[in-house]
Structure formats: C-alpha cells, structure tokens
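Labels A, B, C, D, E and F are assigned to the chains in the order they are written; within every chain, residues are numbered from 1.
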C-alpha cells in the first residue's frame, strides 16, 4: 500500500513538511502544493531529508501552477513538476492521500 | 479506470488558497472522467457556500466558480450544518429555527450532517482533503 | 464497511481542527464504521491532563473525547515521537485506553485502513 | 495615566482563538479606565460582525459578546468594507449595490475603509493587533 | 524605546517565536499567548535562546488563562505568569506592540 | 502626523495577510502619514521576481506593490537574514528602491516609528 502525501505549508515557517518526511517510506510519494512549493527550492530547510528520501526511491513532486505563481523556477535535483491532471493521476495511483497542512 | 472521489474542502474562499486548489483539482478530476461522489464543505470551507460574497473585479470569484462546477456536473455539494451555523451560513430552515434576519446559503449547496461525509467516503475509492 | 483512520495533527483550541476531527470520528462511529483516531504532532496536546477549556469558552472538546468509546471508536493512537518531543509521557495523558505508536507503526496503521481523514 | 488604544482584530470568532483574546484584552483595558479609540475588524476578523452566527449552546458566542461590549461602552466598531465584501458580510447599502438577497452586518458595527484604521492609530497611544 | 512582543503560535510547529527572539533586545518583553504558551514549557524548542535572553534581562511572560486552559502548569525558570490586566499594563509600559502570528 | 511601520511577515498568496498589509500601507500613504513597509520572514517572498499571480486569480498584489511609491510610501525595507535564509539576494527582487536591513537595523527602525501595524 502506498500513500500520496500533500504538503501545503512552507517549511521556512512551519513543520508540516518535516513531520511528513518522518513518515514517508516504501512506495509513497510527496506532492508539494501552495506554499508547500517553497519546500522544493534549493534553499529548502528540508533539503537533506528530501534528498535522502529521493535517493531511497521516494518520488517528490511540485505542483507547477503554484510554483510558477510564486516565481519559483529552480528546484532540488530530482524533484519533478506536475500539473493538476498529474495531481489527479497521483491520487489514483496511490491507495490513499494524507494532507499535511 | 474511473474512480469515485470524496473531496473535503476546509478553507474559505478568501484568506486561504486551498479552496482554489480543491476547485482546480475537481476540474481535472472530472475532465479525466472520474466521479465526485460528494463535495463536503467543512470548517472554514463552509464560507464557499455563501451567497453574499462580492469579490473585487480583479480577483477570482471562488463561490461563483464552485456553483458553476456544481451545476455543470450536477454534483452533490454538502455543507456541514454544525460548522455552518457557527460561521453564520444559514438556509431558510435554519434562519427560521434560530430566528435570524436572513439566509445566505447558495442555491446549489445543501446543509447536512457529518454522516454525509462518512457515507460518501465509505463508498469512494479515494477521500482527499484540502486543508486550510 | 470501510476502515477509516482519522489523523488529527493540530492543537486543541487555536483552530477548530481538533474539534472538527473529533466530530468526524464520532460521526463515523455512529455510522457503524470501523474508525480509529491518531493524534500526532500538535495533536498530542489534545490528550493531556488538567485542561480547563472553560477558560476559553470551549467545553465541547473534552466531552467529545470522553464520548469516543461510547460511539464505538475502535482505538485512539498517540504518536510517541510527538509526545516525547513535547516532554510528555503516558502519565501526562487524560485518556487511559490509548495505544502509543512509533513511526513504523503509523506506517502500518495507514496501510491497514481504507480511507484517511486528514485534520 | 489612561491611554488611548486602537485594537485590530484579524481572527474569525470560530476557527481562531484570537478574537476571544482581543475581547478579553478589551474588557481588561476598559476596566483599567483606558480608552478604545476604535475597534477595527479586518481580514477574517470581519466575521465577528455577522448577525447570522448561531453557536452551539456549550460554546461561547463571540459575536454576541462583542456586541454587548460595544453597546455597553459605546465603542466605535468599524469593519473593513473591502475585507467584508470578499467574505460575504454586507450592510443594506452594499446589499443593494451588489444586488444580493440579504444583509448580515450586526447592528452595532459599521462598514468603512482602511482610512479609519489609520486615522484611529494616528491619534492613539497604542495600536495592538490580534493576529489570526 | 521598548517593544512588547506577543507570540500566539506554538514553536513546536511554527517559527514565529524563533523569529521574534532574533529581534528582542534592550528593554523589550515577550508575552506568550494562546498556542504561544506551549513555547514557555520546559520542553520548548526555544528553551536555549529564551533562557539566554532572560539572562540578558528580557522579561518573558506567559498568559496564565491560556496556559491553564491547555493544562500547562510548569514553565522554564524565570518565566512569569500574567493575567489580562497584566497584559494591559505591559501594553502601556512598552512604547509599541509587535504581534507575531 | 504619526510615523507608522508596517511589518509584513507572511507569504504573498496563502492567506490574505500580505495583501491586507499592502492595503493598509497604501491607505496610510493616501492619508499623508509617514509610512514604511518592512518585509521579513515569509514576507520576503512577496518581493521576488517573475511571479505570476494570475495563475492563482490574485493579480491585485503586484499592482499594489507597484503603487507603493505613487502613494508616498516612504521606504520599503527587506530583512536581510530572511532573504539569505531563503537563498535569495537583491537580484532576486522585483522592487528596485528597497533598503536591506540587519536585525540591529530593524530594532532601530522600530524605535524610529510611533505605531506598528503587524501583519
């Protein structure tokens, strides 16, 4: 069983992403939306644990619409961009969805 | 394969972005031929059902966009009655019951209990929450 | 019947989140669903002893917590790392029948349920 | 020495505690014979002025408590009009202007612009914000 | 000139208190209200900088009403309890009030 | 005339806070008050280049920022440690006439103003 974790808070101000990362494993994926997209930046306070999880095979996505709105165009290596149709697909390919907010 | 979703909306249209995220997600969902078993507006999300919102012209009108989506796809849009009463969102029945001077629930929404969330979730393939 | 896990991550009073989560869990119990509640992160503050919600005009939350077993809520889980981080122990809690769980056990829990309600 | 305060309220009565903190602070302020130049309800704080809120019996009724305080001390309670329109809080004028089916602004509040915040603040000894 | 800093967010989840502590100095005081009261606990993530500031003469207060409501009864050494009338007095004895939320 | 400092600490779109702060500053300017704006913590994201608020149906905030000089807003300050922490520099900003300030300079700023508006 796999879980899609969505995170909508900035890790520069809030611990939701840090809490999420402690529970991710196996086939899980992480999708950064809204202010969560700041967490995918190269300067992210969660850079290290995110990189480690990606090396372990966890997929990390950033919602392109929300990142572009914020003027964010470069991300940590390995982070993939998705659009809303991609968000829907991720919701279907994972068995459940945990929202961290 | 089409899937059935229950979508929970916890954020108000103004003062939170999550209502907009939920709306965009629902559009994409329906365009991929998935089904929405129920929209459940809870917590500050109940404000999306207000008929009195008048946003500035250069900003999105989320309550209008929700109503349009609900009407276009004939969606079941339930507003949690307990959350709504605490936040001043009333239909005519509740207006009468609480002896208030107005009702402000949008036409395509209905007030009901949390059982509607549980019932929808239990027959859905996925439940997704858009937190505030 | 679906198995529902409600994850409640917010403090008891600052927002309505904790109360909303409890209401949802009680509703699921009343509907004869197999429902469990997991308190983690700030959510563990909901379970500590000697709260006086009346000072904030919020008496509802304690009553709702007390009602969990009556509504057939299967289990209340508490995330141990969240508890430890806040300097709390099992003795700090006002609920007796709770089960403390590690990160790994939370992962297993999520796998054992059909639907997540995220609060 | 008595001081003049401008108090800014940014939190809704439900879904935030800060409205209650502001209310308790105002009570203590007035009991110490300080003056409130103006209460300014802004952002989600405008919901404190809703006349349609019906809270559960075992919970505090903050809009009622605000109205009581405002009436008792004859306070000037201004609700930011732009913030209110975006959140569905209207008086009869705005109801007419935006062709809405109801008005829901409590009787002791008035809708006005941000200039009222600035004007009050500029003649106050202290400005205090209760954030959401 | 002195500033009263109020903080209403828990430092276990939000960085408001950390940000506040970086700006406190001189005659400033800090008042922890609402969920900010969790920040006055002995387990506070801000224990070290709070203790250092108190040693430097910054007064740190916890709003008793909000702490008691949450079941909090023991605090970092040096933290003082105030009630709402005390909150008002602090607002008068400092030249301005910055709310961290 | 009082000297007002508005401290805006939140990100541009997630809540209405950033926009509310700008509206308050513009109102103060229109009322001929001496008003300055300080962006710090998440607030510094408001000032970065190449934002496309239209993707979120929020075009207002950019226009308001551009209007600051027209309304006689005296100065926009940016908290340097907040900028640095986010991997940003002066070149990342869409505003030209900003002044970067250290923690000590922020303390001095607060002392030079009569009223604080906290957002």
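Here is the rule we go by: a contact is a pair of C-beta atoms (placed from the backbone, for glycine too) under 8 Å apart; a residue touches a chain by one contact, two chains touch by 3 or more.
This structure is a prediction, so every number in the text was calculated from the model and none was measured.
Fewest steps needed to get from subunit E to subunit F, stepping only to touching chains, is 1.
Comparing the CA-atom centres of all chains against that of subunit E, the greatest distance is found for B. Taking shared numbers over all numbers used, the subunit A to subunit E interface scores over half, which places it in the same class.
When C-beta pairs in contact are tallied for every pair of chains, the largest tally goes to B-D. For subunit F, the chain whose average C-alpha position is most distant is C.
Centre-to-centre separation between subunit B and subunit F, using Cα means, comes to 34 Å.
Taking each chain's centre as the mean of its C-alpha atoms, subunit C lies 28 Å from subunit E.
Spacing of subunit A relative to subunit C, judged by their CA centroids, is 25 angstrom. Looking at subunit C, one finds that residues 13-16, 41, 56, 58, 115-116, 118 touch two or more other chains.
Residues of subunit B in contact with at least two other chains: 10, 14-15, 17, 43-44, 56, 59, 82, 86, 127, 129, 131-132. Multi-chain contact residues, meaning those touching two or more other chains, occur in subunit A at positions 8, 12-13, 15, 34-35, 65-66, 96-97, 99-101.
Chains touching one another form the pairs A-B, A-C, A-E, A-F, B-C, B-D, B-F, C-D, C-E, D-E, D-F, E-F. Listed in rising order, the residues of subunit D touching subunit B in the complex are 12, 14-15, 43-44, 47, 50-56, 59, 63, 82-83, 85-90, 94-95, 98, 100-104.
Listed in rising order, the residues of subunit C touching subunit B in the complex are 1-2, 4, 15-17, 20, 23-24, 26-28, 30-31, 33, 115-119.
The touching residues of subunit C, counted against subunit E in their complex, run 11-14, 41-42, 45, 48-56, 58, 85-88.
Remark: subunit D residues 3, 5, 10, 17-18, 21, 24-25, 27-29, 31-32, 34, 125-132 touch subunit E in the complex. On the subunit A side of its complex with subunit E, the touching residues are 12-16.
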